[in-house]
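Read through the structure below, which is laid out as structure tokens, and then see the notes.
As written, the chains take the letters A, B and C, and residue 1 is the first residue of each chain.
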Amino acid sequence: MKATVTQLTNDLIASYARYGGINHLDGKNLPSKRTISLITVDLLRLLFPGFFDEKLIHSSELKAETAVLLDSVLGALEDEIRKSLEYNPPADLAKKDITTAAHTITREFLNRLPQVREILQTDVEAAYAGDPAALSKEEVIVAYPFIETIAVQRLAHELYQKHIPLIPRIMTEWAHARTGMDLHPGAKIGTHFFVDHCTGTVVGETATIGNHVKMYHGVTLGAKSTSHVEQLRGKKRHPTIEDHVTIYPGATILGGDTVIGAGTTIGGNVFIMDSVAPNSLVIYDGLDMRVLNKADKDKPAPGVRI
Amino acid sequence: MKATVTQLTNDLIASYARYGGINHLDGKNLPSKRTISLITVDLLRLLFPGFFDEKLIHSSELKAETAVLLDSVLGALEDEIRKSLEYNPPADLAKKDITTAAHTITREFLNRLPQVREILQTDVEAAYAGDPAALSKEEVIVAYPFIETIAVQRLAHELYQKHIPLIPRIMTEWAHARTGMDLHPGAKIGTHFFVDHCTGTVVGETATIGNHVKMYHGVTLGAKSTSHVEQLRGKKRHPTIEDHVTIYPGATILGGDTVIGAGTTIGGNVFIMDSVAPNSLVIYDGLDMRVLNKADKDKPAPGVRI
Amino acid sequence: MKATVTQLTNDLIASYARYGGINHLDGKNLPSKRTISLITVDLLRLLFPGFFDEKLIHSSELKAETAVLLDSVLGALEDEIRKSLEYNPPADLAKKDITTAAHTITREFLNRLPQVREILQTDVEAAYAGDPAALSKEEVIVAYPFIETIAVQRLAHELYQKHIPLIPRIMTEWAHARTGMDLHPGAKIGTHFFVDHCTGTVVGETATIGNHVKMYHGVTLGAKSTSHVEQLRGKKRHPTIEDHVTIYPGATILGGDTVIGAGTTIGGNVFIMDSVAPNSLVIYDGLDMRVLNKADKDKPAPGVRI
């Protein structure tokens, strides 16, 4: 047994040396995925007091509990932001200034929480107004995966705008793993946003979404694939969705120049790579489907392939 | 540091007061998401003894262990049902009768477990019969996300029928987060149901599904979106799927009047808002696709858009 | 209370006896889902040292920590493999040889870790090269759900090839639950594979994927459904994807005879059950969609159904 372990260990250690690039040892200290998950949960507790906590918070304790939680988040987040900046410092940040920058950015970020709550309230309203199955706004917050996902994206977007590496993406991937919806931290999302069911919906880094947009699960706001990846980093590659647009399940909309005009409805399973004028209906029309009686299945029929 | 925390706290507390409706303090006590998750796991252990437990249960201990588990679930679930009824009491339930009602409903619910097991056995059979990759019924229970999801929906449906607020939805969202399949507690689902792979499949509140229905991942049985949400709460908004229907991945079927007739097969990625006669094949036909040689890509060709 | 619990227990125990086949007691000891999850996480730590650990590993401790971890995995995995072989022994394995077989297979499997790392490095390269949003290979490993899912599939595939029952599927379902991507352990997947976003992508047991294949979320490489399930167990039922193919979100490709030729691009939401020649573009063409002005909505128009 002992000899086996020694040999397996030696082979694996040799592999670590041979195939560089997939392990990270010594040197720069990556932010911790687990710590960022815990911070994300604490931020949700600060945004929706009483909803993500185990015990009910009473008004009399609210201020004291909020202060304790904020103090804890402040310290933990500052550490992770410092590690993230050390790992990949912005061009204009000197090494000696990183600690101070982490300190300042963390405070600025936490200062934004009231504004984040303000916009999240419009999302809660949109979810309640948009789903006949919702019985109350409390049900929306406690049981809809959407609220958790959009809250995390709006928080991550604040850090993304401050050019913090890694952390914003780790935050949105935490939500992605829980709800199946992948909203990139870079996406600019307006007020009164609602995505019902969430699973499989993907919104890319440079997508822009207006106000009062309603989407369903399985919707992609994506980029056209290309072999010229390096030229595209940082460029606008994902669609623009204007105000009051509704997008049904399974629709795929691609391209940085694609603009879906205000007031438009995009039907289910539609595939779009061109812009659409305001107030349009874009539908996958039943005329393109074949509806056949199974009794006729064995007769040769053009296009029947099942 | 202390001053910063105090200021951040004050701003956030002010925000709690300003944007009401997204936090819940004092007053009515919402059921606990975490407790309901634990109860759900215990219910799965009661439904499939030996599968969701860490240690193997021997026949000699089965009765004693079942009694202990039932006793624990009984107390915990009664508490949550009482909180749920206090939060949003049905019109015909007086405040003083809530504790008694919670007591009665919990017992009635647990009494239904043998019937729930009976119908779940038909689902296990359908999964094993429907997937050539399944090697045994044990593999289906231990490794297929479907069984967990349908078991939770059938449990939640029992509570939904008793008009318990919030808890049924929290239960199905627990399963949705784990498996990516969102089966609303309100959906009426027949025997021998099977959904392979599960991710992204959504079945709405008022959907009706017959016996021997087989579906795949990414299938939506949804509602047409509307601006008249308030008028629709409680109305039939989702499709009816009759017996022996098969629905391939990515199909989207919308509307409360839409009936998919018995014995029908719905092809992959199809979008449907109309009823379909029994024994039909509905397919997205290859004739509507363009297949082009990439060498011809630069020649002008009508409809080529990639 | 006591009487209620006794009655509920008796009814449930009677149900366990009545509906056999959905519980597992005594007799053969199924492998433990929870233990296999823990082993899977430890295997990821061995493949990507420093990424899935809480604390940073320094070079000086790497060898000692690797040996400890390998030793622990060796024992735990051998136990689970033995239980799995006892549960469903291959035809050519005598009962008395199971313990020795479990011992040998576990060592052979762990011996393959360096080779698994070698091919995973090509996946990391493909992910970094294929996504303009990726800023570094470290970001790919720490934040992309794809790397975790493909690593688990490549590990499970090694055990699948050795005809170990249950464990490979439990491993890939662990990853499926976390990332929404269901890669069957049986699928043969070439080098430089990348799936962006992952959610809802399904690759079936007998699928074959070449080198340098790029896919997106919501892609299905599936089987045609059939009522002759028993005849199909073990047969080739899922498509073959040749080298350098790109498949956009939501495409569904079905059938064991379906071959997607090298260099082909499959557009979003396309449904395919036939082979496609090399270097093709297969697109869902905009000509089949209706784009209408909402002002014209009330005029009768053929095919308008929204």
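The criterion applied here is as follows: contacts are C-beta pairs under 8 Å (C-beta built on N, C-alpha and C of every residue); 3 or more make two chains touch, one makes a residue touch a chain.
Since the model is a prediction, treat every value here as computed from it, not as a measurement.
Common neighbours of chain B and chain C under the contact rule above are A. Where chain A touches chain B, under half of the residue numbers in use are shared by the two copies, so each contributes mostly different positions.
Rotating chain A by 120 degrees superposes its CA atoms on those of chain C, with the angle stated to the nearest 5.
Inter-chain centre distance (chain A to chain B, centres taken as mean C-alpha positions): 23 Å. Residue positions 180, 199-200, 218, 250, 265, 267, 269-270, 273-274, 284, 286, 288, 305-306 of chain A each touch two or more of the other chains. Within the complex formed with chain C, the chain A residues making contact are 1, 4-6, 8-9, 11-16, 18-19, 21-26, 29-30, 32-34, 87-88, 165-166, 169-170, 173, 176-177, 180-182, 184, 186, 199-200, 202, 204-205, 218, 220, 222-223, 225, 229-230, 232-235, 237, 250, 252, 254, 263-265, 267, 269-274, 276-277, 279-288, 305-306. Looking at the complex, you find that chain B touches chain C at residues 46-51, 54, 56-59, 62-63, 66-67, 70-71, 74, 107, 110-111, 113-114, 117-118, 120-121, 124-125, 129-133, 135-139, 141-145, 178-180, 197, 199-200, 214, 216-218, 224, 246, 248-250, 265, 267-270, 273-274, 284, 286, 288-295, 297, 302-306.
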